[in-house]
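Right, one structure below, let's go through it.
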Amino acid sequence: MTLRKRVYNTLEFSAVGRRGMSLYINIALVSIIFINSVAIILHTVPEIRHYRLYESIFTDFEIFSVIIFTIEYCLRIWSCVENPRYKNGWRGRLRYIFSFWAIVDFLGIFPFYFTLLTSDFGIIRILRVFRLFRLFRVTRYSHALKMIRNVLLETKEELLICFSFIIFTLLISSSVMYYLEHNVQPERFRSIPATLWWGVITMTTTGYGDMYPVTAAGKFFGGIVLILGIALFALPTGIIASGFMEQIRRDKGRKYIQCPHCNEWVDLQEVHHVHKPTEKH
Amino acid sequence: MTLRKRVYNTLEFSAVGRRGMSLYINIALVSIIFINSVAIILHTVPEIRHYRLYESIFTDFEIFSVIIFTIEYCLRIWSCVENPRYKNGWRGRLRYIFSFWAIVDFLGIFPFYFTLLTSDFGIIRILRVFRLFRLFRVTRYSHALKMIRNVLLETKEELLICFSFIIFTLLISSSVMYYLEHNVQPERFRSIPATLWWGVITMTTTGYGDMYPVTAAGKFFGGIVLILGIALFALPTGIIASGFMEQIRRDKGRKYIQCPHCNEWVDLQEVHHVHKPTEKH
Amino acid sequence: MTLRKRVYNTLEFSAVGRRGMSLYINIALVSIIFINSVAIILHTVPEIRHYRLYESIFTDFEIFSVIIFTIEYCLRIWSCVENPRYKNGWRGRLRYIFSFWAIVDFLGIFPFYFTLLTSDFGIIRILRVFRLFRLFRVTRYSHALKMIRNVLLETKEELLICFSFIIFTLLISSSVMYYLEHNVQPERFRSIPATLWWGVITMTTTGYGDMYPVTAAGKFFGGIVLILGIALFALPTGIIASGFMEQIRRDKGRKYIQCPHCNEWVDLQEVHHVHKPTEKH
Amino acid sequence: MTLRKRVYNTLEFSAVGRRGMSLYINIALVSIIFINSVAIILHTVPEIRHYRLYESIFTDFEIFSVIIFTIEYCLRIWSCVENPRYKNGWRGRLRYIFSFWAIVDFLGIFPFYFTLLTSDFGIIRILRVFRLFRLFRVTRYSHALKMIRNVLLETKEELLICFSFIIFTLLISSSVMYYLEHNVQPERFRSIPATLWWGVITMTTTGYGDMYPVTAAGKFFGGIVLILGIALFALPTGIIASGFMEQIRRDKGRKYIQCPHCNEWVDLQEVHHVHKPTEKH
């Protein structure tokens, strides 16, 4: 086995399973990502940031993890051609660079080099938080996760229609509310786009309290929107619930065995109860 | 084919399918409606409205789209007699004018001519937003939309009863809360109709924070209303979820084939697993 | 037929069906109740109450409806012995007086006579709103209402356990929050009973904004309570949804016919699809 | 029967059933716990605490119940070796001391002795509220409670994944919101941990109103988080609903009887309707 093949197998967790070198390296990487994320979050707390020792440890750890991530990123690009999907040499490597996980990896290290060159942009710094996404790479795609994904995929069409209903109701109700409240609260209900914020916090029943109708007409209309909103948000819950039911039913429907006496296919659960008549409810 | 028949087929999207001239004209109309709606929404933003260039483009585009919509509206009324439902000449046309979609079309162009004649009424202007409704005309009535409609139609009776429960609980709880809080907060809990606003924002768990009980009795009663409200709003979600399940079950129940050997009708899913015993769970 | 029997049949709507005299009298009573309820609600609006003409009409209508309700109440007590359940003369009448609907009727007229005798107690006046309950008497117990009642009755045990979980979590979380926040906000988090109000508005996700934790520990604990609360309130929705499903399944399970050829009982839906193979999905 | 065996049987409610001495002693203990919990809650109300008579009764009752609980705790430790799980003399006793219910018992009495020795720590006092947990010990594990437990256990995996999704979305959205709002509201959106509070009260749609975005970008992003949050919280409801359905279906699936004529197993419900054809829907 070539060195490149070895590096590929070690880094690509899912390729060879969870043992030996690959397991330890992945545990180390996940630990670094986890500590790193916690450090980034804590670094925004003023009391902690201004504490000199933390600052120096934080900077050192940041540099250390970026070096590790950069090495890992380069090794992945170098070894990715071992994957049949990216095997065409440099063309395969280019395609790998623009794959989902490679972009996630890049977003995790790019902000550091960017802030080295130029002054500090807050919005770039935040991209470092996307390192958290990498934690999902090592998630074992368990039965439960597969089920949730299946349910969302199968009810996709219904959920999209619900979503477009929500957006449509949001636009109409915010427009009407703007015309009802604009004259009385010109500062709060400034424009229809500004009133959309009212629409979202109302239809999701959040109600921060920064925007609410004060006229009788606005309150009456708002009440109708609220009750309609509840119905609208009950739809996705209903759709998802029925999707899970269907998924479970399909899983259960596969539990058949061939009866040894008559060669007919028999539902396992029924057989189970035939042989244990005392279990009857 | 007469000119009227051609105009009818071109405008009535669903009549001949999605191709040729009809497709392009409908895409053009939808684009105009969409840009128009965005323009109306953006026009309410003070920063944009006071920007001279936008104002002139907006006015020109408004005039342009109203002319297009007016021509389309007239052509639809002229050609609607080709539809068997409105075939009795002028009587059919009159019935068409009062059909749902013709009223939507009329509400989309009427405000413009109204504001030409008189001074500006905000509430009339808003009717222009109803042009958005027209976007639904071109929606393909997909399987998912039909399913949502079926579920809502079949659970209609249960949902209406839930709705009347909600209205009833709203009236009773607002009346009681009015008597409990009126003496302490005479300005906020002014009257029962004013307290209905509290009822709506409480039972939908929005809680803007502009009205809430402050007396011990009011808080105790409010707590009971809140927990009851949760139960009341759990009902529609449950009803809709069960409606979807039932709908899926009925759809699935139709997947039968006739067995080629014994002429019996067989559930497709079961057969599928008999021939692929390796797929067993 | 005696006069008493006639009065009974006329008043007891459900006894003889909806026709003739009984129908008209019941429509009249429902209308009076409805107008009366609206009048009571509107009477609390200061602008309307201080309008002299309304005040006099309101008082007259109030006296008129109380007279009607009193006559109806007396007639019902007099004629109730025609009902087999209350047939033992005065003993039956006494039992009728303490039946649910008779108490509702009494609560509807009692406040009027009470306020005649003494000065005005706001809390007694409110009992008049309970007249609204009477609207439910004439509700036709439709299939949908029966279904909702069945679902609630069958999931009663599970819902009660959820309810006791909610009360328990409420007590524990409010107690903990009191100890966490009392020192910083002694006025708002005054005592555990006062903090229960925070518990209710938080766990139902209402969040008026009059009480919320400000300490780091309080916010951390509050966040846990909120996410737990969501899970706790998802339980009743899930229970009710499954109850509806079960109810529908049971209803559907009864649609069997006896096959005319082999005398076997056949599911109606399956037969339906065998004869229309073109309907297959 | 030795005295120790008797004490064990009397205290361990579930061991011998609900009758005789054991029943009365347990009712007495539950009553003391209940009154005690109410007293602890009421003791935090300033008006009641400063009322001299209440204070003295409260202190006396507190001492009385702690003595009772201490005696009970000692007797339980002494007699626990009668339970086969803790039979190895002192080793069994040690294991019992660290069992779940023994810790709950200890937490209920420990704070009293702790506050006797040292000055008053509020946070220790609160542990007394955990006595409420003991009420669950005597709960009969009814069919409904078992069902809820089964549903939660079986959907455990899916619920955990939903929970990790929620935590992940919380972290990402709070981080982004911190960078969007920190410059405009440096006091409110102080750090990412502080913004997590915004994330929790927003995604659970509580919306106290103490923290909300004010910039256009923050409001836009907040709106997306809110609508996503609704979808995320619809998942557990759907999962739980389908879990209940599955549980009911399994319970119902066990209602089979063996047909006396052909020895086939028959669904009870179907048979029921065959013999009562008049019941058909």
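As written, the chain order gives the labels A, B, C and D, with residue 1 at the start of each chain.
Throughout what follows, a contact is a pair of C-beta atoms (placed from the backbone, for glycine too) under 8 Å apart; a residue touches a chain by one contact, two chains touch by 3 or more.
These figures come from a predicted structure and were not determined experimentally.
For the copy pair chain A and chain B, the superposing rotation over Cα atoms measures out at 90 degrees to the nearest 5.
The interface at A-D recurs elsewhere; of A-C, B-D or C-D, the pair that shares more than half of its residue-numbered contact pairs is C-D. Shared residue numbers account for under half of those found at the interface formed by chain B and chain C, and the copies are therefore classed as meeting with different residues. For the pair chain B and chain C, the distance between mean C-alpha positions equals 29 Å.
Centroid to centroid, with C-alpha atoms defining each point, chain B and chain D lie 42 Å apart.
Counting partners per residue, chain A has 205-209, 237-239, 241-242, 245 as the residues that reach two or more other chains. Contact residues of chain D toward chain B in the complex are 205-209, 237-238, 241, 245.
Taken in their complex, chain A has these residues touching chain B: 157-158, 160-162, 168, 171-172, 175-176, 178-179, 182-183, 190-194, 202, 205-209, 212, 219, 222-223, 226-227, 229-231, 234-235, 237-239, 241-242, 245-246, 250-251, 253-258, 265.
Those residues of chain D whose C-beta lies close enough to touch chain C in the complex are 37, 40-42, 44-46, 122-123, 125-126, 129-130, 132, 142-145, 147-148, 151, 159, 163, 166, 196-197, 200-201, 204-210, 233, 236-245, 247-248, 252, 269-270, 273-274, 277, 279-281.
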